[in-house]
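One chain, subunit A, links the two complexes that follow: it is found with subunit B in the first and with subunit C in the second.
And then the complex of A and B:
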């Protein structure tokens, strides 16, 4: 199986092309089943590889590649032709991610059979889903950073297509553009970092770059620059502060797509890339520390924003941002295993939460939690599975999230106790807002009788994925953590750093606090009486306003965009619009001063060209005024003459 | 003159262009299309002749008194001829060209191509100047070929005035160059690097910048491109630009390397300014033709990075990007033309005219999306490979700042290219009748599309031919 691992990204890619080109748009077309079959095959293959790894029959890492094209390269004064090998590199994280991505994608596609039933672009939806997953799988298996980057970009393009899937509405169209441009902004840094790596190493292959880095050839400065570039890209893709603004809007897409984006494909890419290029960060302690702090800030800010939102999907979106911050923080604090472990468990319960939210929305046709309530009896499967996911994400023993979150807190404590306390606060907020979501949605009395009356449990095709993910949310953590399996699978050799050991009592204390937080949340929201919560909100309305305004980061970015907009307008104006008289006069004066100073200019150049052209164009201009609008040609020529003069000054003044 | 045979493709093409002009007298206006067909067939014949000189390097290549025929020049000649063929195919489907002057049109286009072929082979400033003038004079007329169209005339006049200005600068530069070195020949120049020599070089460079639409000599571009008949716009945005950049590669990386006179900074500034001006100004364009005009300024800026870098990968990048640029830009213009040039006269180049193109003609919209994505450098299209080469060249030559500007620019460009895509796919169309697209336009589109897809996924053949072509003779 392992030697055919390259098929895993290629099969869904092929499937998406076949669906897009080979099928007609038709509610009964077999296109979805093709997508499902392709993903099912990939899932089988991924599971068999994972099983082999778990059983010790497969020894990792496995690498195979073919040459793509020769590239003339010059590294440290030595010229050679780089053959650009592209291929697969399967190590522990890749083996785990393959299972996660294929499984979540398979379940999402199954779920979509019910959720998207009757949509007029069913076929296109499945083609995009397959393409999205294929790009992500390509990113996971690639052994070449350039190909990783290409897949990374394709993930961005396909997320654009899927978030904006219902493009008739203004919300999705705007959200998809925002997501694409924000992540693209981050990609600037990533692209430059990769080019820089190539210039230093002369190779894009991950293992060669790793070799280069672990021997310390990069040097602190270069490694730091590269690290920050990579961080920039990953912060964009994984929605980290300050580039997290796109993810809460991205929920405008169909809910199963949100599940896929938030659980397995898009946002996981950033964390995964940091893990793949971990050796760079180990060589650059400053960049590593930045990763930790950015993760911490994100985890804290996003969790606080989730506290006050009433939109069920928005709460989950903030929650994803926050959880990604946990992973980022863990990676930055040296918790390689912890970060990737949480990525895995989070994929299960966050996928489940989004699919569950989709099931609720499907039933009551609203996103607003204030119109829900009391749905637990109407939708028992959705309720129970979402409850399991909530306990998992809150980190209650023995659910999956407990193990990974515990591991994160442990490694962060080892790195810096201050970070630990802040992160613990974020974890407590997580428990609070998640149970708030459950309480408002499922518990208490029904607040909208009509919606409640029409609500019903979703069909089996939607609840089966919920049950599968529910089961995994319960057992995955314990199963992977059993006997130190996860440490063997997701490990990275790194130097031991001195730091305080994590006291077991502290862990128990955190667990107790989480339970308290859950209880408080139930007390405030679970009894159908929000009066205390409202009173609190009134008392601290300033804080609530800031939180509901998402700390005004969107406004900040809109301001930045406005500045860029202004710059572009300025360029436009300078380039083509009416000339500013003072500017020209000023230039004329300056030119005269220069020509006084320099006999060369005076005689040879300025007078003849500028004056000559002034005369010529005014003569021609009178005759051609009918043809030439606004006399712009003269302006153009003047600009060009100024530029020529500037260049001349530049040349001669050296 | 025993080496005149080296120029046989150019001579043949020029001769046949004259023949077409004469034939125009004998072909009735209603059969004008025949001359277009003859025109592209003739270009293909010249293409074959150039191909022959590549495969038979002993007989077909060499150095003449004014020209050098080597793999480098032949690569650019093939590109120029390819562009000519594709533009003539576009011209076949363009409704607004006066049929009565088909022979003149084709003849001028072919003469322009001859000028460019001479330009990329030239190793003497005399030939360079004459070739540039040949390109310019034919281009002025071609840009104003729609004589009934006010904009076409306006663009042409602006183009002409600006052209006269830059010709004067260039001629002045050549005379300074001659004064400093005592020769117009560019091979084995005994230069002193003094102020007069540098000033001459600078002015020659600015003359080139005019043709390649490099800032600060780019002001004529939007007006001329918007006004010109679309096949001519496509031609002007590609062939002269590529030919000039080809000549610049020869002059400023091999014969008189920019780094030898500390001129690299100047090239870096020019490249950065060109990209930035092109991209930021394209931001607000609501006319697709103008948008593509500004985008083509930016693209010239990217290519110039390869020359500014001055290393092997930079030179290869110039060749590779030029090739890719031909495919994607001509594709974009071809789609724009088929949206706008309709026999009922209802088409327009406004962004609004592209609304709902996906519903009207899905194939066209998809092709346009691919061309635009390729222009903005999204993988796995060929534009990505091209940009990768260019950006790598900048980083490898140590111009980190230039690379940063270039990468940021490419992100900016995504925004306005995506605007067109957004209108095509996400806006409802005013009328949903499918567009009628002629077979020749489809043929051209198919070639361009195959190019950007195939070389994006499997660039090996293109890279191999580029590496083989990055060789000079003298």
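And then the complex of A and C:
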């Protein structure tokens, strides 16, 4: 059944093209159903593959490819023609990611039927959604790093189109450009890493490159350079410090798109690529350590920024950044399974949180949590499912996040207890800001009666996806962790490293602290009385300002943009003024001056001399004529006789 | 069958026929021009199945004695380096002629010069005798001068004369170099195939001198820094279709010359120059992109993006490897297709709005969706989005460059970033945001405009998805040029 797996990315791609080219823009267009049908088919395929793997009927990895185009090259003195295969490689992580991506995409498309209903560009929206998912699916199944990179870029351009979907507004137009450029900045590193890989081993096939890497063909220096290049790309795509600045703005897109970006199709790509190229990092301990620290810094910074935001989607965006930091940190610390496991569970509850936030925004028409409150009774399904997701992301037993986060903390502790404590602090902040979100949105009294009055539960087409994801947020962790299934599915052979064992008591302590954090959050925000919270804010206003200013990283990048613009202006000034007007036109001017001079010389000297000769002979003639009396023939004869006799004498005397 | 001669001289016959028609009969003139360029295109396409992709030799060779006393021959032939460029020329000429149907004044002269230009360009890619090469090379100059100088924008005379003098200055050095080569071979010959084998007898010093003579002519045409400043001016002033030809075909003559003459005939000189060439490539890439970033005129921005893209080609050439050479040739083709459509698209908006100022627009995507879609596609192709033509060739150029010049190539990647920046900024300012009410009445693409642009768009996607379509022609020659598998 795996022989048709290549259709999984191709069918949504085809659906997207058909929707874009074959349908007319119309609010009642049947185009969305085509997108849904394509995604539903993919979901069925993905689930049956996963089921087959779980039941042991399908043996992984599976690989198949066709030749794309030839590259004649020479590596280490050996000339050969590389046939650039394009194809699929299904291993454990790919099988899991297929389910995650198709499931979340399917639910998002279903949800969008309600959320985007009546939008004037309904058809285009579905075309872009399908294209987005198709690119991500291509990235997941590809067996070739160059093709992975191509899909990676297509994911980027789809996000550009979707974040800027409401392009008439300046906000989305700007945010889409920011997202594209920030990720592109990271991609420069990835691009160089790919060039380096091919130059070293003459192949892009993941299993071949892995083979070469394990045989040590890269060497420490090259592997480190490649590792850092890959990390650059992944930090851009997965919104890691310091390239995380684009993700909080990316919420300018329609909310279901945010769910897709944050859960399945965009930010997951970076984590997934690190996992796919894990062999490089194993060969480059410095790069590996950098992955862990970048992840840790991101997890911590983003969680702290989420503490003070009042925008419901922005809190969730910071939360995503922070959670991605957890995954990155886990991967860097050697927790391959833990990182990918958290990627999976996070997709479910973060997808749910965004869709839930969309449901809330749909009801109250604002993002500002200060205008919400008391919505639990009005929107019970949204409230309950989001509560489940909150407990999951906070890591409360037995919700999904507990298992994956526990595994992350365990592997990080094994790597370095210092990192563990910092990461635990981030985890406590997670519980705090998430429950703050729930408290401000759903609990306490309503703060804006007008909005509260009009609020209502969303239609079934929007709540069913919430319920499905809610169920998964509860059970997915326990189900996957059951009997070590996840370790078998998402594993990478690597040498055992010495390190302290994770004491069970510490795990229990973390769980207890998480509960305390939740309680504190409820105490400050859940009772409808924010006075203590406000007092704390006033007392530490300097810290709050830094957090609300997002540590001023945006300013840093705006500064970079200004530098680039300055460089551009300078370059063009040099081009126009110095090179063109001074040297090129100056040369022309010099030539003209030179030619004027020679014309002057010509007129003054050469031509004057010529004219002088003419004038001389003319003057001479006039003078001679004056000597001669007019009309005397005898005189003429006399002159003639003199001339003849002079000539005769001259000739004879020689 | 003298297929190459037919391909080359059918447009000349068309030009003469146009000359014989009365100037009032605009339709007949247009039909004649289209028919002759179309016949040339059809014939060149007919050569595709006959072209042997597995051979690096010259194919379809024709040889006639021209001036026997000086051993000058009329020799035409193509290989994997020139055949794709030949196809590009016939194709783009036809497309640009469709794009020229909107020309209203002095129609007869316009089409005459246009067809003469096509003859010159085709000849450059086919000629295998240096004198013939030079004749065709110069033949491109005169029509271009008139096409810019008569049908151009406000500063057309200045642009035309600058283009003419600048290029002519380069040609003079090329002529000297040709004569130097001729007198230093025994027996004296202009035959390019013979000269490719004769270089072993030449000293390094001689090769360097001759290389520089040729290089000057080619660098001006490419255009390579610092000889590029005629390009933005010429592009801004030239009528749309002439800009298309200029960017898509004329610039390629320089790179073609660099590979065919400088690399194949003067390997020692070429290798001596290599450290400079890579530096020039990087400057073209980064500096060209930065200059493009500073532009407010869409056409000038696209013109500077050509400087940047020719830098990629130079990077591939400087890699001196099969991948680099293939990448450079493929990039020439792709740049022709992509930048051709960019210039046509800028022309479309200029025809309607009579301005090309980037900040004069805003929110056009809502008003003219088809135009916006095609423009987005062309811009993304130009900034190297995978799945569209530019990506694979750009990547191959980088691969070729990286194997030899790691640091230089790493710097060049910044140019890719800057390219993305200026295209994205242009798209945001022109198409996104609130609709500028001034353009509320703008109409979307007409059928004639679609006819000229859609074929380019189709090829942009086709070469992006299946680069083998073009690479199959190039590879064998590139491998042979790089001396791989020896």
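Note that in this section the second predicted complex is superposed on the first by the 576 of 654 C-alpha atoms of A that agree within 3 Å, B and C clash if a C-alpha of one lies under 4 Å from a C-alpha of the other, contacts with A are read in each partner's own complex, and residues count from 1 in each chain.
Assume a contact is a pair of C-beta atoms (placed from the backbone, for glycine too) under 8 Å apart; a residue touches a chain by one contact, two chains touch by 3 or more.
Please read all numbers here as calculations on a predicted model, not as lab measurements.
Within the superposed three-chain model, A:154 lies in touch with subunit B and with subunit C [touch as defined at top]. Looking at the superposition, the partner that touches the larger set of subunit A residues, subunit B or subunit C, turns out to be B. Of the two partner chains, subunit B is the only one touched by A:644; subunit C is not. Touch criterion not met for A:47: it reaches neither subunit B nor subunit C. In the superposed model, A:74 makes contact with both subunit B and subunit C.
In the overlay built on the shared chain, the residue A:185 is in contact with subunit B and with subunit C. When the two complexes are overlaid on their common chain A, residue A:425 makes contact with neither subunit B nor subunit C.
In the superposition on chain A, contact of A:170 is made with subunit C only, not with subunit B. When both complexes are overlaid on chain A, the residue A:636 reaches subunit B alone and has no touch with subunit C. Overlap of the subunit B and subunit C interfaces on subunit A comprises residues 68-74, 79, 146, 149-150, 153-154, 157, 164, 167, 173, 177, 180-181, 184-185, 188, 191-192, 195-196, 198-199, 565, 567-569, 571-572, 575-576.
Residues 150, 153-154, 157-158, 161-162, 165-166, 168-169, 195, 198-199, 202-203, 206, 215-217, 219-220, 222-223, 262-263, 266, 276-277, 280-281, 283-284, 311-313, 316, 373, 378-380, 384, 388-389, 391-392, 395-396, 400, 403-404, 407-408, 411, 414-415, 418, 422, 425-426, 458-460, 463-464, 467 of subunit B are the ones touching subunit A in the complex. For subunit C in complex with subunit A, the touching residues are 162, 165-166, 226, 229-230, 233, 287, 290-291, 293-295, 321-323, 326, 363, 365-366, 380, 385-387, 391-392, 395-396, 398-399, 402-403, 409-410, 413-414, 416-418, 420-421, 424-425, 428, 431-435, 466-468, 471, 475, 478-479, 482, 484-485.
Contacts from subunit A toward subunit B in the complex involve residues 68-75, 79, 146, 149-150, 153-154, 157, 164, 167, 173, 177, 180-181, 184-185, 187-188, 191-192, 195-196, 198-199, 565, 567-569, 571-572, 575-576, 600, 609, 613, 617, 620, 624, 627-629, 632-633, 636-637, 639-640, 642-644, 647-648, 650-652, 654. The residues of subunit A lying in touch with subunit C in their complex are 68-74, 79, 146, 149-151, 153-154, 157, 164, 167-170, 173-174, 176-177, 180-181, 184-185, 188, 191-192, 195-196, 198-199, 564-565, 567-569, 571-572, 575-576, 579-580, 583-584, 588.
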